[in-house]
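Two complexes are shown next, each including chain A; its partner changes from chain B in the first to chain C in the second.
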Partner chain A sequence: MTESNFDPGSFQYDDIEPLPIASHQKDELCRILYDDEYREVMGIARALLKRLELSPRALHATSQAISLVPAFYTMWNYRFQIVKQLFGGDPAKLNGELDWLDEFTLNNPKNYQIWSYRQALLQLHPAPQFVRELPILQAMIDDDTKNYHVWSYRRWCVLFFQNFDRELQFSSGLITRDVYNNSAWCHRMFVLKSQFKAKPPLALVTTEIHYAKAQIELAPQNISPWNYLRGLYQEFLDGEFDSEITDFALTFTLGVFDDPNHSAPILSSHALEFLAHIYTKHQETYGRARCAYQALSKVYDPIRANFWNYKIRSLLA
Partner chain B sequence: MPLLISDDRLLNSKHQKYLERHLAILPSKYQDNEANKLAIVTYALIGLNVLGVDTSEKYKSSKNWLSNHYREVDYGGSCLLAGFVPSTSINIDSIPSLSLINTLFGLWSLACLGQEENMYDEVDKERICRFVSHCQVESGSFVSSFDVTPLDGCHTSSIDPTDLRYTYAAIAILHLMGCRRSKDFEKYISLQSILANISDQACAQGGFGQYCEPHAGFTSCALSILHMLGDQWSILTPTFYETTVHWLLERQVSSQGSTTSMAEGNENYDLADHGGFQGRENKFADTCYCFWALNSLSILEDQCSARFDKHDLLFNYLLDTTQNNLIGGFAKNNEDDPDLYHTCLGLAALALRGGNFNGPLFLPKDISLSIS
Partner chain C sequence: MSDQDLRTLKFINSELLGRKRPTIEIISDDPADQQPPPVCMAFLSTETTEDREQVLLECSELLNALELNDVTLKKQFHKSYLDFSFNHALPPQMKALDASQPWIMYWIACSLRLMDEEWLSQVVQRRMAEKLLKCSLENGPFCGGPGQDPHLVCTYAAVNALALCGNIDDCWGRINKKEIYEWLLSLKSSNNGFKTGTVVGECDSRSTYCALSVASMLNILTPELSEGVEQFLLDCQTYEGGFGACPHEDEAHGGYTFCAVAGLMILKGLHKCKVDSLLEWCSGRQTNGEKGFSGRSNKLVDGCYSYWVGAVNTILEIHGYDPSVDKTALQDYILKCCQSTERPGLRDKPGKSPDYYHTAYVLMGFSLTEHSYNTTDSSTAISVKPGTNHSQLNAVNPVYGIPIHDLDQFLKFMST
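So, the complex of A and B:
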C-alpha cells in the first residue's frame, strides 16, 4: 500500500478488492472531478461496506470515508453497526468512540449527523455520564454561542440524564457574556417547563422575574428578556400582570401615554408592545392599548405598522 | 415560460449562468457534497425555473441519468419499497442508500425535468408511499433511512436525526404522490402522533422549534405540514397562530424607530439588514430565512385573509444587499460569497411574494399545478 492515499494505520487491507466509484455517466448533471485520495478511500471503505464486515479495520476505514464525505449517512450508519458489534456493552471502548467523535465534531461543527450519532452512542452506553459531555458542549458553545444544534443536544442531555442542576447557572454565564443571546434565554424557559411536573415554585418564578428585569435595565431594547418575562407571567402566573410589572415597563416608554403625538425617543419599543398586550386584556384600558399601538405604528416600530394597525382594528371588533 | 419575478434589479442572465455552472462539471472540492448531489440538482433546477428557463426542455437529455437514482428495493419480509439514492456513483445496490430526503429531492428534480401530464408515471407511487410509512418511528417523527444490515426486512435507522425537516419531507412526498386530505395520509402514517409532535414544538412566544426555542426553519416545516394536511388546523388555538404571525413579523430586521438603539451593544444587529428576515431573535438577517419566514407568513395570512409584511423592503434587502452583482447568485448576507442554496431560496422568496411559487410544496406554481 505504499504511495497510497489511503492510510492503513496498523491494519492489513491487501485482500480487499476496492469497489470503484462509477464516474463519467451519460448526460450526468453535477459531474464531480474526484481526486485520487477520494477514489482510493471510497473504493476500500465501500468494498468493506458491501461485505458488511464488522471489524476494527472497517472502523478505521469509515473514519477516513466520513471525513471526506461527512454527509454520507450510509457510512455513518455502517460505522454505528461496527461500534455496536465490537464495543457493545464496553464503557471504555464506547468512550473511545466518543473521543473520536469529539475530535470530528470540533473539525465539522455544522455537520448534521454528529449530534444524533452521539445520542445513539449514549443510548448504547451501559454507563453514560453527563460530565463526559460537558467539555465538548462547552467547546462548541464557545465556538458559536447560538448554535441551535448544540443547544438542542444540551437540552436532550438534560432530559436524558434528568439533571437540571447546573442549567440556570450555565445560561446566566452566557447571558453575562452577551445579554442578547436568545438561546440562553430560551434555555431558562426550557428548564422551568421541563424540571417541574406542574408549575415551578413561586419563589423561583419571582427570582426569574427579578433576573429578567435586571437584564432589561442593562439593555432595554432587547427582545429576548421581554419574551421571557411575558412567558413567565403567561405560563406560570395565569397571565395576570400586576401593577408592579406595568410600572416597570412604563419606565421605558416615558411620555407616550401623556401625549398622543409624542415622538421623542423612548428606551424600548418592546416595553411599549408589552404594555399594549397587557392593556388589551381589559376593555377599560383599550384606549391605552390603542395609544401604544399607534405610537408603535407611527414612530417606534414602523416596519410592522400593518400589524399594529390590525391590532387596533381587533380592539374595536 | 414566463419569468416569475418582475423587478428590473434582478440580474436574470447572471443568475442563470451561476445556476447552470452548478449543473455542469464541478471541481474536486465538491466531493464532500457527493451525498447531497440531488439537493444541488434540485436547487439549481428550481432556481432556473423561477428565472423563466424551461428546464424540462433544456435538460431533457439528463432525465435518464436522474431516473437512475430511483430504486425499487425488496428488503425482504414483504418490504417492497421505492425511493431515491443520493448518488449512483457511490451507491451499493445490495445496501441501497435510499433516504426520505433524497426521495424528496429526487421527486422535486423529476418535476423540473418531466412533462406535465406524466410527470411521475415512471415511479411506483404505492411503493414510495410505503417507504415513507416505514420511516415513521414511535414518537411520530421520521428517520430518513434504514439501518445498514443485510436485506432481511427494513429497520429504521438508529442514528438519524428526527426533527421536523424529516416530518416535512414525509408529508411533502405523500402529497406529491397524491395524498390530499388526512384520510389519504392516514393510509400510510399515523397522523395523531405527528400532530402531537408538532403541538409539542409550538413555543410560548409563537413559532415552532425544539425545546422551547422557536426557529423560522422549523416554523416553516410545521406550517407547511398543516397546510398540506389541510384539515388539521384545530390542533392549536387561533391565539397561537396570531402570536406566531407576530413572532414571524418580529423577525423582519428594522433600521427604524427604537430598534436602532441596538446598533451599539448587540453584536448581531446590522443596520444594513433592514427589511431582511432573521431565523431567530437577535440574529443577523439571512436570505434563506426570508423564504422560510415569508412562506410561514403567507400560509398564516391566507388563513386570516390579511397581509402584514413590508414586501417592498424585503425586495430591497434581497436585490440590493444579498444579490451578487458580479458573478450572480445570492449570498446568505451582505458579506459572504453567494452559494447555491441561498440563491435558490432568495429567488424562491421573490417569486413567492409575486404569487408564482407554491411555498409549502417548494415548487414554482406552473409545476405544482400540474401535479394534480
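So, the complex of A and C:
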C-alpha cells in the first residue's frame, strides 16, 4: 500500500483486501459519495468484520472507523465482540478500554452510541467502580449541562452501583450554576424516588421543600422548582398541601385573587398554576381555582388558554 | 435617563450564584415595549435565560416583521430541496448518516408525499424500494445501510419508507415478516422494553415504540411480543407529566413522550397513564413569545417538536380530550420562523440550517394543525373529518408518522 489513508499503527494489514463499501446498484437512490479515506478505512474494518476476526489489529481498525463516523453502530457491535474475546474478565485491560472510550467521548460529546457501549463494558467488567465513571460524567455535564444521554447514563450508573451518596450534592452544584437547569432538578426526584424502598424520610422531604422554596425566591418565574415542589407533595405527602406552602405561593401572585380583572405584572405564573392545582383539590376552593385559571388564560399565560379553559370546565363537571 | 424607555433588570448578588454576571440593561424605544410583560423570567441571568433571550429576540423579529403578511407554506420551494437529494448523489460529508440511510429516504419521501402525492414518482418509489431491501439481511430486519447489522430504529424507518412506495414491484409482499418477528422477540429485554440490537444498543421508550410500530404495521403484534410492554412505557412517565427515555425517572422529553404515548395507543393502554398531568405538560411546551414547542422544561423551542409534541396532543384529542395547544400560534412559528426565503427546506429555529429531519417533522407537525380527527382508541383506524378549509398538506397518522392514505393501503395489504 502506498500513501494510505489508513493508519495501521503497529499492526500489519497487508493480507486484508478492503471490502468495497459502495454498492454497485445502478441508479442507487441517495448514494453517498464516499471520500477515499472513508472508503479505505471502512473497507479494511468491514473486511475484518466479515471474517469476524477478533484480534488486536481488528480492535485498532474499529477505532479508526468509529472516529470517522461515530454513529456507525455496526462497528460498536463489532468492537464489543472483540473486547469480550480479548479482554474478557481482565479488569486492567477493560480499564484500558474505558480509557480509550473516555478520550473518544471527550472528542465526540454529541454521540450517544458511547453510552450504551459503556453500559455493556461495565456489565462485562468483573470489578467495575463508580469512581472510575465520575470524572467523565463530570466533564460531559460541565460541557453540556442538559445533555440528555449523559444524565440518563448517570442515573443508570447510580442504580447499577447502588450508590446515591453524591447525587443531591451534584445536582445542587449544577443548580447553583444555572437555577433553570431542569435536568438537574429531575435528578433530585430520581434520587428521592429510587434511593429508598418505601418513601424517603420525612426530614429529607422537608429539607427538599426548603431547598426548592429558596431557589424559587431567587428566580420565581422558573417552572423547574415549582414542578419539583408539586412533585414532592404529590409523591411523598399524599398530595396534601399545607397552608404554609399556599401562603408561600401567594407571595408571587399578589393581587390576582383580590380582583378578577387583575392584569398588573406578577412575579410568577407558575405560582399561579401551582395554586390553581391546590385549589382544585377541594370544592370550597373551586372559586379560587377558577380565578387563577382565568388569570392564566387571559393575562399571564394566554398561549395555553385551551388548557386553562379545559381546567375551568373540569371544575364544573 | 432620556426619553427612552430604560428597563434595568435587577440581579441577585453574584456570590449567591457562584458565577459573576454583568447587570444587563435592555434599552428600547419601541412603544410596544413600554408595557411591562405580565410576568418576567429574567430576574436572574443564567446560561438558560441568555440562550432563551437570544432566540426570543430572533423569533420576535420574524413574527413581527411578517405579521401582516398572510404567509403560506412555500411548497414548491421546499420540493426543490427534496428533489435535489433524490436526483443527485449525496456529498461526502453525508457519510455521517451512513448508518441511517433508511431514515434519509423516509424523511424525504414522507415530506414529498405530505405536500403532494404526485411528487413521489413511481420511478423514485421503485429506486427507493430496491435500495431499502438492499439495506437488510433477507428483506428484513433492516440495517443502516447494505452490509451493516440489523437495527431496530432503522427497521422502523425502512418499514415506514416502504409504506410510502405503494406496493411497487410487490415490495410489501417481499418484507420478511417471519424473520422480523423472530428478531423482535430476541430484542425484548427482561424489563419488557426492546433493545435496538442484539449486541449493544439502548433500551428505552424510543426503541420500544419502534418495535410496536413495526409489529403493528406488519400485523405481527402477538400477545407474546406485547406482554408487559405497556407497563414498561407507563413507568417512563415522570412527575412532570411527560415521559422519559427509561423507567428510572429520566427527564420528561418531547421525543420520548411521543414514543411512549404512541406506543401506548398501539397497545390501547393510553388511558392508564396520568392523562391530566400529561395534558398539562404537553400544553406547557408552548411558549408565549416564540409560539413553537420546546422538548423539555426550560429548553429552547425547536420546530421538530411541532410533530413530537403536536402528535401527543392529537393522539389525546383522538381519545376525546380537548386540545391542549394553540395550533394557530404553532402555524405562525412554523411559517415565519422555520422557513426562510433564502434556503428551501424547514429548520429547527432561526439561525439554523434546514435538514431532512426537520423538514419532515415540521411538515408533519404543520399537517396536524390543519386537520380534525375522528375519535377512536385504535391506532390503525385513525381517520380525519372531511375538511371545510382548503388544507395545504395531506393528513398524517399521528401514531406512525405516515400519511393516512399510504398507511391505510399498507395496513390493508398486511391484513390479508
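The criterion applied here is as follows: the second predicted complex is superposed on the first by the 313 of 317 C-alpha atoms of A that agree within 3 Å, B and C clash if a C-alpha of one lies under 4 Å from a C-alpha of the other, contacts with A are read in each partner's own complex, and residues count from 1 in each chain.
Note that in this section a residue touches a chain if its C-beta (ideal position, glycine included) is under 8 Å from a C-beta of that chain, and two chains touch if they have at least 3 such contacts.
On a predicted model such as this, the values are computed, not experimentally measured, just so you know.
Visitor: Between chain B and chain C, positioned on chain A by superposition, is the outcome a clash or a fit?
Guide: Once both complexes are aligned on chain A, chain B and chain C clash.
Visitor: Scan A:132 for contacts with chain B and chain C and give back first, second, both or neither.
Guide: In the superposed model, A:132 contacts neither chain B nor chain C.
Visitor: After lining up the shared chain so the two structures overlap, which partner does A:71 touch, if you call chain B first and chain C second: first, second, both or neither?
Guide: Both partners.
Visitor: Regarding the shared-chain residue A:52, is it in contact with chain B (first), chain C (second), both, or neither?
Guide: first
Visitor: Once the shared chain is lined up, is A:145 touching chain B (first), chain C (second), both, or neither of them?
Guide: Only chain C is touched by A:145; chain B is not.
Visitor: So in the superposed three-chain picture, is A:199 touching just chain B, just chain C, both, or none of them (first/second/both/neither)?
Guide: Neither chain B nor chain C is touched by A:199.
Visitor: Pick one for A:213: touches chain B only (first), chain C only (second), both, or neither.
Guide: The answer is neither, since A:213 touches no partner chain.
Visitor: Of the partners chain B and chain C, which touch A:288 in the superposed model: first, second, both, neither?
Guide: A:288 contacts neither chain B nor chain C.
Visitor: Look at A:21 in the shared chain and tell me whether it touches chain B only, chain C only, both, or neither; answer first, second, both or neither.
Guide: So A:21 meets both chain B and chain C here.
Visitor: Please identify the positions on chain A that touch both chain B and chain C, taking each partner from its own complex.
Guide: The overlap between the chain B and chain C interfaces on chain A comprises residues 19, 21, 23, 25, 27-35, 38, 46, 68-69, 71-74, 76-77, 80-81, 112-113, 115-117, 120, 146, 148, 151-152, 155-156, 178, 180-183, 186, 189-190, 193-194, 219-224, 227, 230-231, 234-235, 265-269, 299-304, 306-307, 310.
Visitor: Along chain A, where are the residues that touch chain C in the complex?
Guide: Those in contact with chain C are residues 19, 21, 23, 25, 27-35, 38, 46, 68-69, 71-74, 76-77, 80-81, 112-113, 115-117, 119-120, 145-146, 148, 151-152, 155-156, 159, 176-183, 186, 189-190, 193-194, 218-224, 227-228, 230-231, 234-235, 263, 265-269, 299-307, 309-310, 313.
Visitor: Enumerate the contact residues on chain A facing chain B in the complex.
Guide: Listed in rising order, the residues of chain A that touch chain B are 19, 21-23, 25-35, 38, 42, 46, 49-50, 52, 68-74, 76-78, 80-81, 84, 112-113, 115-117, 120, 146, 148, 151-152, 155-156, 178, 180-183, 186-187, 189-190, 193-194, 219-224, 227, 230-231, 234-235, 265-269, 272, 296, 299-304, 306-307, 310.
Visitor: Can you list the residues on chain C that touch chain A in the complex?
Guide: Contact set of chain C toward chain A: 12, 16-19, 36-41, 43-44, 46-49, 85-86, 89-92, 94-101, 104-105, 108, 124, 127-128, 130-131, 134, 143-144, 146-149, 151, 196-197, 199-202, 204, 238-240, 244-246, 248-253, 279-280, 283-284, 286-288, 291, 296-299, 321-326, 329.
Visitor: Where on chain B does chain A make contact in their complex?
Guide: 22-28, 30-37, 40-41, 59, 61-62, 64-66, 68, 86, 88-90, 92, 94-95, 97, 99, 144-145, 147-150, 157-162, 204-205, 210-215, 245-246, 249-250, 252, 254, 256-259, 261-262, 265-269, 274-275, 280-283, 306-310, 313
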